[in-house]
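Notes follow the structure.
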Amino acid sequence: MSSVPLTAYLMLALILFCIGLFGALTKRNAVIVLISIELMLNAVNINLVAFAKYSINPGLTGQIFSLFTITVAAAEAAVGLAILIALYRNRQTVNVDEMDTMKR
Amino acid sequence: MLQMSWLIPLFPLLSFILLLLFRKSKSESTAWIGVLLTGISLVMSVGVFLAVWQGEGIKTEGTWFQIGERAITMGFEVNPLNALMLVIVSLVSFLVHLYSKGYMHGDERFPVFFAYLGLFSFAMLGLVVSPNLLQLYMFWELVGLGSFLLIGFYYFKPEAKAAAKKAFVMTRIGDVGLFIGMVLLFWQVGSFEYDEIFASVKNGDISSGMLTLTALCIFVGAVGKSGQLPLHTWLPDAMEGPTPVSALIHAATMVAAGVYLVAAMYPLFQASEAALTVVAVVGGLTAIFAASIGLMQKDIKRVLAYSTVSQLGYMMLALGASGYVAGIFHLTTHAFFKALLFLAAGSVIHAVHTQNIEEMGGLWKKLRITGPLFLIGALAISGVPLLSGFFSKDEILASTYADGKYGLFWLAVIAAFMTAFYMFRLFFLVFTGEARGNEKGVHESPSVMTFPMIVLGVLAVVAGYLNTTWFGTFLSDYLAQGPVELPHGDHHGPAWIPLVATLAAALGIGLAYLIYQKGTLSRDWITRSFPSLAEVIYNKWYIDEGYDQTVVKGTRGLSKLGVLFDRYVVDGLVTAVTNGVQGLSKIGSRLQNGQVQSYGTAAIFGIVILLLIVALTGGYFS
Amino acid sequence: MNAWLLSILIFSPLLGVLVLMFVPSNDEKSIKWLGVLGTLFPLGIALVVLSAFKMGGEGLQLTEKFSWISYEVFQSKGQVSYPIFYEVGVNGLSMVLILLTAVVSVLAAIASFSIKQNWKSYFILFFLLEMGMLGVFAAQNLFLFFIFFEITLIPMFFLIGRWGYLEKEKAAYSFLIYNGVGSAILLIVFVALFMKTGTMNFEQLAYTFSLPQAELNQLFITKGFKMGMLIALLVAFAVKLPVFPLHSWMVRVHVQAPPAIVMIHSGILLKIGAYGVIVFGAGMFPDQFKSLAFVIGLFGVINLLYGAFLALTQTDVKRVLAYSSVSHMGIVLIGLAAGNEFGMTGAVFQVVSHGLISALLFFLVGALYERSGSSELSAFGGVAKRMPILAGVFLAGGLASLGLPGMSGFISEFMAFLGLFEKMPVLAAVGTLGLILTAVYVLRAVLAITFGAEKELHEARDLTSSERVPAFVLLAAILFIGIYPAWLSDMLRPTLDAILLGLGG
Amino acid sequence: MTGEMIAFFLLALTAITGGVLLINLTNVVHMVVALIFTFIAIAGIYITLSAEFVAVVQVLIYSGAITIIMLFGIMLTRHQEKEKRAPRLKIILTGLAIGLFFLIMYGKIKDLNFGQQDVELHVDNTKKIGIELYSHYVIPFELTSVLLLVALIGSIILAKRDDDEKEAKK
């Protein structure tokens, strides 16, 4: 049975990862940056699940791992947003390039 | 007796140490420590000399330290040459100690002076008994130290400071020559021992070029120490030291060390015709050159200093002209009469408190002992028959002539004439005529000062009979026992040579008499006839100035250049590097704009580079 | 007892630190005396070590070895383990240097009486510095050597930067930067050696590199690699030594650091560079070292002459001495370049001798500074009148520095040049010019201070009795080595013979 | 060309389109909505990979929860809805780096094939995951719950208006 090769999944994941990375590094809105990071995590999840099926030792491990990842990602999104809101309250902005207190 | 001869140098060393411990003592009886200990050395030296006269000799050595397979040895050796030197050195040293007791009376660093004298005597005696070149070199430097300390004894005088420094540095230049020669010889022979060096010279193990090179290097050392051309300028300046020091170091002993060195290494020189010729030419030129400067000096000690340089030139000339015995002979007689002259000059200075001969005059009547002794010295150095200088100078002339160096022979004769002239110019100006300066309260020196002069006066008269054609050539027979094969035995040239020498001396004395005593000839007769020549001679041929302009200025200029180089190039390079780093970090800090995304981009670049490396090389650890 | 002796010695200065912890920091007097006692203790142990040391014995003695760190790496050829041991030991060379360290430390501690503030932290840093120095010379592997090497840098930085003169911070930073670069290069070399050979032990490394090239090829060690390592090592130690043109930090440190620290620095720390070149350079890469001999000799002569020329016109006596150190380190290089027994011995003698001489001279300069508040030559004159002992010792130190026979400087200069004259006579002859220049600048400086008309100093007292101890001890040591060099040369011979065997000279 | 392949291509296309829209749209809300497509498409991909449970979780959490919080975040932080573009240089540099990254990774994965696949994975998928989670991975599982609790409390504290501060200001 000819099925979709592993490479195809990996390619998809790679493309999504790159898009997420690009978004995270170039977008100015902090919310979009957060969501781009979610996209990157998703791309990784695809890899995990793909390797769960196609690999030397196939099994459930990859899927379970991706479940944990999703959990952590959800927590991260929540905390990230909370920080964003606190920040917005103090600085009245969510623009990433105005958040340069490290420099000052 | 001979086994104990290594103790000879140690007594003065003991004196040095004891006197340093007593340096705060105000009592002048501390001087007796020095006198006594050098006296013991003198007695032992005479004993050793007598033993060697009987044909004995000794050489003892032990390992000093060992490097790899080679042992560096130390020890002592007594042979005819250095036994003679031992006597000369310890005798003059003893007499100068005694004399200084009176001369240095009232000086607040009285014990220190004697300590330095002790150090010098130790070094000089140690130099003489050295059985190898390395040990000789070490004492050679220590002798320089003693000389330096004594010249700079009046440390608060700027002239003394400059003179001490100059003496040390100028002789150091020579020493480096000796050092190079010694080291080169070591790699040729594999040892510093005289015996082994001479053996390989004899066997022809050393190529002739190397022989000449090493001999010349060693001769450079002698040039420095003995004040030969062109390193003579320190010796007249060294007269800033106390006068007994000039007598001891800069007339009788240390400056003769150069001559001694050439004599001790004579087989090496004999093996190289070129080296001998150089020695002779340098000696001859120094003799006449220094004599010419002596003609016009006004400082009593400087006249004597130039005279010393000139006489040392004679000795070198003798050695260079194969007159080994003549050179040593002159060294011996010169030690006595020049020490006498210096001590007498010191006595004069002690009396009138000036060194300028223009301010003296008519002292003959006031200094009834010093005057005649000075006259004896002057007659001896001028080569007046029957005094010691006559015999030794005659031999030098004879051997020069016999060696076929006719040009140098006539040069030496002219120098003899000049010597006679300036010595008697000095004598007449100081002792006869009217008193030109303030001479109130001038009195004869105490007996502790006159006694050494009398001893030296006697020796200045009789030392010549050590080696005469009339009574026997004791000295050359004696020296023939030594390790050096005496060059062509008989040196007694034509009978007219003594006549010529005597004539030259008589002419010189007569001319001085006519000018300075009788006044028949005007004093500035020569100065007026050859003004520019006189100017040049009066300024010592501008040698000092020449060195100042070339070597000193050059060195200082190089040093300044070095400082600039250090500041601008070396430090500049460093500054350039730091500026570069700073510039880079400025650029870097612009990247640090505080925006997380930029950092992220940078991090991605880093990851990409690492991945590239892994992708291209296949991984370092795989 | 013997089994632990060296470790006790290395860490003995820590006892001083421990004791000082319980002393109130304003109790000046007891801190200073404890400082001296704290350095006397290591000296005592060093003497015990000396008595346990068999003179003329072959190889290492009093060795200690404990496994310390070990890690494994999976490589294509399998699992390879890289053990690092704590291993110390002494041979003749390091014994000499350890003794020098212990002695100079005590004297520097006495000289530290002139420190005006923060005595407690001063002495704590001082003890750490001493521990580092002792460790550097006793370490028998690269790792330990490097750790102790770094331990010397940090206290030194603070000692210069806090207790120095006007431009102390600048001096401290340039010290740190130059030495930091040097030790960075050192670290790279050490890691590379470790990766290639899997050992850090000096003897094993030397053995590995002495294997025939065919066997070395299996370890991927090429001739080029060895040469590169040697050059990097030489550069790293050239910073420390220092070699022209990397000397400017050293001049700055010598001028700005407090005199007691300069005694340590010039007396011992610079010697680590020479020690490194001998142990790592000549000891591990003899063939390559030989082929670089001419370059090393050339740099030696350049150092000698350059330092001497620059010392000629300096107006600050500290600068004169600093450049004189540059010049004297040239003699070490000259001796090493000769690569024969005379040259090697001369180099080590010069290391010891210069350590003593420069410690003495800087001590005296410190004493003079305390009396006059200046180190400019023009501020002094006729010191011999009111302070005859100081002037006398100063003159003696100067004469030792210019290589007067009977003092240690002569032996080292003589042997270094004797060695070089065998191999490169022309270069050596050029180098002898340095002997003359040395005489000129030393006398210029010494005479300007001690001779001449007397100038007013605000406090003209001669050396006090606590100052006489270091001065006389150092002078005695200088004279002792000058008169009886056999003591030192016998101690060194087995070690140097082993190195010379490698050099084939 | 099997049905599986067609499904994969369609889903992949949707996911990538969503991503590209995320990059190119200017309205922030639109961006988030575009991403919902991606998330749902990824859930589909999970199904083709025989991971039904993960797919469901994906739809629930990503498409449901996270996107909604993000929209809330956008609403709460009222601001200009239009997203301004970043400076051109930054985009070029970042693009270059990511492009290189892509190329390298592409080179590495393009021929990756383990030649094996688990055909039993879809059978009782949820049940098996449950068993695994409560047996083998029970400790991480419990830890995750702690993590979620901490995140919950942390978010509340962070987002809470700081009343003391306000009062202090008054």
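A few notes on this one:
By letter and in written order, the chains are A, B, C and D; residue numbering begins at 1 in each of them.
Heads up, the rule we're going with is that a residue touches a chain if its C-beta (ideal position, glycine included) is under 8 Å from a C-beta of that chain, and two chains touch if they have at least 3 such contacts.
Quick caveat, the model's predicted, so the values are computed rather than measured.
Relative to chain B, the most remote chain by averaged C-alpha coordinates is D. The distance from the centre of chain B to the centre of chain C, with each centre set as the mean of the Cα atoms, comes to 38 Å.
Rounded to whole angstrom, the centroid-to-centroid distance between chain C and chain D, based on C-alpha atoms, equals 64 Å.
The distance from the centre of chain A to the centre of chain D, each centre being the mean of the chain's C-alpha atoms, comes to 5 Å. Our note on geometry: chain A versus chain C, Cα centroid distance of 58 Å, whole angstroms. For chain D, the set of residues that touch two or more other chains comprises 90, 94, 98, 101, 105. Across the assembly, chain A contributes 21, 25-26, 97 as residues in contact with two or more other chains.
Of all possible chain pairs, the ones that touch are A-B, A-D, B-C, B-D. On chain A, the positions that touch chain B within their shared complex are 21, 24-26, 33, 96-97, 99-104.
For chain D in complex with chain B, the residues that touch the partner chain are 90, 93-94, 97-98, 100-101, 104-105, 107-108.
Residues of chain D that touch chain A in their complex: 2, 4-5, 8, 12, 15-16, 19-20, 22-23, 28, 31-32, 35, 38-39, 42, 45-46, 48-51, 53-54, 57-58, 61-62, 65-67, 69-70, 72-74, 76-77, 79, 83-84, 86, 90-91, 94-95, 98, 101-102, 105-106, 109-114, 116-118, 121, 125, 128-129, 132-133, 137, 140, 144, 147-148, 150-152, 154-159, 161. Here chain B touches chain C in the complex through residues 23, 63-70, 134, 137-139, 141-142, 145, 152, 155-156, 158, 160-161, 164-165, 168-169, 172-173, 175-176, 179-180, 183-184, 186-187, 555-556, 558-560, 562-563, 566, 569-571, 573-574, 621-622, going by the rule given at the top. Across the complex, chain D is touched by residues 597-598, 601, 604-605, 607-608, 611-612, 615 of chain B.
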